[in-house]
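First the structure, in the form of structure tokens, and then the observations on it.
When the chains are written out, they are named A, B and C in that same order, and each has its own residue count from 1.
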């Protein structure tokens, strides 16, 4: 276990997820405190759930500087988002980067807590996906998690699985976490740029209306 | 306290709630990983909240096999849901069955944790209702919990109340849990088939528009 | 630390938030059990999250009478809401009062738990805002937290900040909590009656459509 690695990953994931939260806040035209609120919710939501489930103090209680990082990111977006060509496109790419840092952050935290493989896998997915899901549910956007024809949960699953399998195969932890991050990012990038997807469920024709 | 009873109820509730989660995922036309994600969220959501509040490890950390059960149910639905006559009707009935297992599961867990009557009551309701509520909020369906003119929370309340009163009256725990399950199921069945309902709130005419 | 003060604030916040929850339930035309359910969710939602994060038993487990208070408030609203001139206007004002009690309740609980300034600040905001946010997300209303051109999170933030700064300046705790409550209420009242607001984010013209 490399000392400080789990904590460094938490920092990266908080900063980038906060940017995505602030971008969603900009789409809802909130004021600056609203930006900070949504940014913090997104940035620490997944990690807080992870830590509550692991029965340890949430990351931002253990280190309140994380809240300042998230707030700083939100303020940056408030004053610069109008410079972006497409806020939605930026949001998607930042979210992909955040996912690729948050999944290994969750994996590292669960390994540090001495959890078994399946729990490590789920903790990677929770840390990666839940902050963004909270953000989208609260702001009434279609959750990225649920967008048809895109890989999202799949990327988190594959990344976390790579880390778990790597750990079982004796790969050093740092390398396993880099592998986790790369698998997540490459799959998500492939989905965003090349349209990689899994087959989706299709009902029988004539399509049944959603009642 | 019958050994293993609380755990057996958790298994049943996870399996059936996972089926309902996967059916909702089919209505959103997700891919197979999306099915598994929504199924797991639905299946362990209520129990996780219950366990976090009771300050014990969530059911799926104590026994990760539950996650495999939920995933298996999701995969089954992915490949067979197109055979169903009406996915929505199936969803309603499976959800009724899941409720009738999850409420006693919550009651049993709270009794095991030595909680008082009112807390046992609420834990039965949380375990029964929260998984489905999470499922519906995330997938942007009208929560079954809130559907006008149907008994839902009422069934969970009455079932959990029956178990608590039974426990106070000295009924053996196994019998109290069966009573709990039957009360829940009968009320919900009556609501779905015979239209049993409580009077709903009606504003004064002319009806005030929802602003 | 004045004994019983944190607990008294919890009582007040639970009672008033329960009224707001029941009013939202009336807008969804639920039955009486639905009123009690939404009222309890709103009333103890923020405090439960606070207590779970602080790793202590949720307020309503420590004192189940709180549930009876919330249920009583819900039943009161069920039978009297039709007498109101405007349920929405009443909801806004009750919510403002609830916020002005819940923020100091959160601050008091975090101080009692020996937390640092930034954590006390966030706990005030969580206890103040999360119950109402849960209520609005579950009932599919536009969250008050997110309404454009209104101060809401800002009021909770300013109130909690006033309490923290007061504490650092050596103000006695009772006075700091009254200050917290007053700052929250005055800002919210100013926003509701005089239109006080912070500038909101505006994208460049031509306005980009929300995709």
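One rule holds for everything that comes next: a residue touches a chain if its C-beta (ideal position, glycine included) is under 8 Å from a C-beta of that chain, and two chains touch if they have at least 3 such contacts.
A quick note: this is a predicted structure, and the numbers were derived from the prediction, not measured.
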{"item": "Graph class of chain-chain contacts, one of line, ring, star, complete, other", "value": "complete"}
{"item": "Chain A onto chain C, rotation angle from CA fit, given as a multiple of 5 degrees", "value": "120"}
{"item": "Whole-Å gap between the CA centroids of chain A and chain B", "value": "28"}
{"item": "Per-residue multi-chain contacts in chain B, two or more chains", "value": "52, 55, 137"}
{"item": "Contact set on chain B toward chain A in their complex", "value": "25-35, 37, 40, 48, 52, 55, 57-58, 60-61, 64, 67-68, 78, 81-82, 86-88, 137-140"}
{"item": "List of chain B residues in touch with chain C within their complex", "value": "52-53, 55, 115-116, 118-119, 122, 125, 129, 133, 137, 142-143, 145-146, 148-149, 151, 153-154, 157, 197-204, 208, 210-211"}
